[in-house]
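The first chain written gets the first letter, and so on, giving A, B, C and D; residue counts start at 1 in each chain.
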Amino acid sequence: MTAGILSAKAAAICACVAAAHAAAADFPKPLPTDIIPKVETLPAKYPTTWTFLNYASDRIELRNVGSDSREVKAQLQAHDSATLLVPEKRPELYVADTVWSRGTRGTRTDFITVYDTHTLNPIGEIVLPGAKRALIAAVEGLMAFTDDQRMAVVFNFTPASSVTVVDLVKRQVVGEVEIPGCSLVYPSGTRGFSTLCSSGTMLSVRLDANGVVAGRGESKAFNPLDTDPLFTASIVVGGVRYFPSLHGRVQPVDMRGDEVKILPDWPLVSAADQAGNWRPSGWQVVAGDEQKLLYVLMQPNAHEGTHKNPATEVWVYNTATRTRVKRLRLVRPGSSISLTHGAEPLMLVQAGERLDVYEPSGNLVRSLDLPDFRSRMQIEPLR
Amino acid sequence: MTAGILSAKAAAICACVAAAHAAAADFPKPLPTDIIPKVETLPAKYPTTWTFLNYASDRIELRNVGSDSREVKAQLQAHDSATLLVPEKRPELYVADTVWSRGTRGTRTDFITVYDTHTLNPIGEIVLPGAKRALIAAVEGLMAFTDDQRMAVVFNFTPASSVTVVDLVKRQVVGEVEIPGCSLVYPSGTRGFSTLCSSGTMLSVRLDANGVVAGRGESKAFNPLDTDPLFTASIVVGGVRYFPSLHGRVQPVDMRGDEVKILPDWPLVSAADQAGNWRPSGWQVVAGDEQKLLYVLMQPNAHEGTHKNPATEVWVYNTATRTRVKRLRLVRPGSSISLTHGAEPLMLVQAGERLDVYEPSGNLVRSLDLPDFRSRMQIEPLR
Amino acid sequence: MAQFDNLTESVLRSFARHTSRRSIFGMLGGLLAGAAALPLLPVARAGEGDTNSASDPNSGQSAPQGGSNPQDPGDPTKCDYWRYCAVDGSLCACYGGSVNSCPPGTEMSPITWIGTCHNPADQRHYIISYNDCCGGVASGRCSCQNNQGDRPPVRPQNSNEVTWCFDTKSQVYTCTTANILGATNDHK
Amino acid sequence: MAQFDNLTESVLRSFARHTSRRSIFGMLGGLLAGAAALPLLPVARAGEGDTNSASDPNSGQSAPQGGSNPQDPGDPTKCDYWRYCAVDGSLCACYGGSVNSCPPGTEMSPITWIGTCHNPADQRHYIISYNDCCGGVASGRCSCQNNQGDRPPVRPQNSNEVTWCFDTKSQVYTCTTANILGATNDHK
């Protein structure tokens, strides 16, 4: 049997050699040899049609959403509740993550990796002490810039709540702030952060240049946790942060000053739309654009327990007039929404294992695959 | 809107309370409270209808293949090319695995975890020095028992080849043996191992009671790597190890003595079957049972490059008469085959994301799901 | 309101009966961080107990494992089993654990989030403690998302997104159990 | 046999032109561990170049990225591209790399396994070096399994199952590239 196969192979070689001589005339030279090793790099400034996609606890993907070639530009590793910060001031990326020395067990290490934006090589690491970083999937508020992106604050939950303050330039931890009964972190003031408290207030902490607490202030109670709590997902539009509520309000908070201003809330659902029982729904439920428009994922026939279900429509609001200006039907129900920051923004909606790319008019431009997408996604477009 | 929802809720409460009073008559007492915390344990001796499924580089699952309830009994973590050894002599399990201190980068650690069979808790760890354990998916031959299961040998590839000798009872590494040009490890002799060499020979190494090399012997060349190489997958039937070849022979090797005996090979494909160009094909391509029958995954119309494709049939051979005694058509093409060791053995075939469970007659009994199965599977039934 | 104060008391007694001092300390620490959250919890959820949520289509299939107790109907490997009204995660019953026990080799977190689910057999509402099992392999089998009473993590003890692995050797999430702490209607 | 000795020499010259001393040392170490394997390699594979294998149905889809060179036809993000006749892994072209470059942030292993693939445009056979990229995230996108010339790992340099990440900071497999080392018919 072996001999038979060898003869057949010999015949094939002869045939091939003959064919090769014919075709070699069209291509007189063989293809050049490749250079080994070769590794791609990224441009100094990423285009605004690129976006980071944070697959909770799995990987962070850099995708070109502006091209039909649907390219993955790069990937960053992400394990448990990894969180990405992209500064505008330095050619670096920051990813906070958590690993164990023996896979699912052993010694826990929480750390921020500093990546070079050009090579994506890790160029630094900041180990976060105490193994206390909050592990809550890819949720907004686990980490935030402050002090003009010079520092970052990381939310800890053990289940006691605290915040670790990190100097990103010196690449070191500078302190820890207790925030009992409060959760998540949002940038506020020139050098500080705010956090949502279980009493319905917002606690704001001012830091000094060394990252030490310089003052605290607590807002009035404005978050009715028992009756209509705010989503912790939010978006900044025109300098003001907007939090939708589970039952369909939106709560603006001006966090630019050292003390936050709780602005009047307003309804997302007009009296005329009450019958459909529309409510905000999904994971990253709200987006905004430079025109101060607010985009909210909305679902009809909502009831208790449906607030994380995929939404069927996007309702678009003018934040100045507090009125709905557009109502967009999604081609597929979506859970996370975001808008790119370019001159011609694109609306991105994660819908199951697809990332649907729309024009802000609601016209679907393309649909990208999200293979092995499993749970939650945080979409983080580039500026 | 909020008020409206609250009224509806109040009405629902009233309705429920009324219904509850009616049903409470049938069940006068509420269900008892549960005990917290509670963790399952496994029996001292696992039934032979359970089998370990090694999902290469992902997890190792303990499944009950003998029941229509299709239960997962437990899972062990597995990262890169994890390898399992199940001793009959001690209530322990051994898994060799590889992790990095920062997920996909950082310091590499190769280690054997010792698990308690009853609790599946890790009760010991043996770190393998040198970060040199071979990473070749879930392939047979990465680790083997020797010395009546008192020691284990681990194959290293850097790409220089060597073997690390481990004392499993003392839980420590006792030495390293260079095996230049040879790959993988198979138990041989009373206290030794054999390895397949690129010159077509088998190198056998005898160890002393301390795990130090006591002698070496090299067989004649019997593995024609250029014309018809042996699969490295094998099975021991009646004390003799059988290696199928890519082109359809089977090579028996008696490895019970200190020097291996290369027995005469014989064809798996008779002259009458030559036309179909049947060849062994798959990953774990061969199995055997206590009746000294050999089960080989076979594929028709084979040609160069198809040797890992799923097989459509199982051909069963009597190893004493060297004749085919059965030819079983698979319900789905399969890549890995094994047989359970119970009084009524079952034939297990991994076929894509299913584990098909057959009677040895070829009758399909049930089909288990293998969710998220991606690459290769090593099926390891229990004795 | 007396009804609900009784409820709270009964829940706390239930904790006391079945958890170690250390666990209670940890659990109450978690609960009380959200000031006064617990007493309101059963109120906010009463009447919302019916669970009709579908299981994740990507779940690994498994055959029915129906219990023999007619007062506890349903299949604990399926997402529509009544106790799972607030589960977000993988069901331990598909991994070698059960509705109220962890798979071998994992560890049950004593600190957790709490829901209130309606038992269709005896028509009672039960306070369910969703204890995560930690330190094992999470492979995505039998993933289940129901969000009855789930709230944003401003009160973490009402949030099923938090990895509830505290006071365990490893905080790696594996799967979720659903344990009865007490019946909310059982206050007569 | 003179023909094949020439071939070997040409391959080695190609290595010498394009790899560092350290890489050559490592690569030859890997190759020569299997004594005398290299000279036989192109022989055993000549005439087996056509690749009609289908891509993995679980692959993440991606749009065509056809090259502009008519002498190098096909889409390097697809498993049926001619250079992939012996690939077992994920295609780097789907991860921010390309047919012959690694994704940003990963590292290309200089040591590798080698195949011989048939270019349907110029009808030449090329020796292809399948260099793995290491240290990044392997997410299963564009997985591709072709086994032209793959052999059991008794000669590891002929085996595509081995994780070919050596002389790299991390040995975590990410994806595979397919680099031309030389044309086997180019010996006139």
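Simple rule for what comes next: a contact is a pair of C-beta atoms (placed from the backbone, for glycine too) under 8 Å apart; a residue touches a chain by one contact, two chains touch by 3 or more.
Computed from a prediction, not measured in an experiment: that's the story for all the values here.
Q: Which pair wins on C-beta contacts, B-D or A-D?
A: Pair with the higher count of C-beta contacts: A-D.
Q: Find the geometric centre of each of chain C and chain D from their Cα atoms only, then give the gap between the two centres in Å, rounded to an integer.
A: 51
Q: Where the centres are mean C-alpha positions, what is the separation of chain B from chain D, in Å?
A: Chain centres of chain B and chain D, defined by C-alpha means, are spaced 29 Å apart.
Q: Report the inter-centroid distance (CA atoms only) between chain B and chain C in whole Å.
A: Using C-alpha averages as centres, the distance is 36 Å.
Q: Scan chain D for residues touching two or more other chains and write them down.
A: Answer for chain D, listing residues that touch two or more other chains: 48, 58, 136-137, 140.
Q: Out of chain A, which residues touch more than one other chain, so two or more?
A: Within chain A, the residues that touch at least two other chains are 77, 104-105, 122.
Q: Line, ring, star, complete or other: which describes how these chains touch one another?
A: other
Q: Among the chains present, which pairs are found to touch?
A: Between chains, contact exists in these pairs: A-B, A-C, A-D, B-C, B-D.
Q: If you look only at chain C, which of its residues touch chain A in the complex?
A: Result: residues 26, 29-30, 33-35, 37, 40, 44-45, 48, 53, 58, 85-86, 88, 111, 135-137, 140, 143, 145-157, 159, 161-163, 165-166, 169-174 of chain C touch chain A.
Q: For a test of understanding, state which residues of chain C touch chain B in their complex under the given definition.
A: Within the complex, chain C contacts chain B at residues 14, 17-19, 23, 46-49, 58-65, 69, 71-72, 94-98, 100-110, 118-119, 121-126, 129, 131, 133, 136-137, 139-141, 179-183, 185-186.
Q: Can you list the chain B residues touching chain A in their complex?
A: Within the complex, chain B contacts chain A at residues 1-2, 5-6, 77, 79, 97, 99, 101-105, 109, 111, 113, 122, 125, 224, 227-228, 247-248, 267, 269, 274.
Q: Give the list of chain B residues in touch with chain C in this complex.
A: 9-10, 12-13, 15-17, 19-20, 22-24, 26-27, 30-42, 58-59, 62, 68-78, 115, 119-122, 369, 371-372
Q: Name, in rising order, each residue of chain A that touches chain C in their complex.
A: 80-81, 98, 100, 104-106, 108, 131, 134-137, 139, 157-161, 180-184, 196-199, 223, 225-226, 229-232, 246, 304-308, 374
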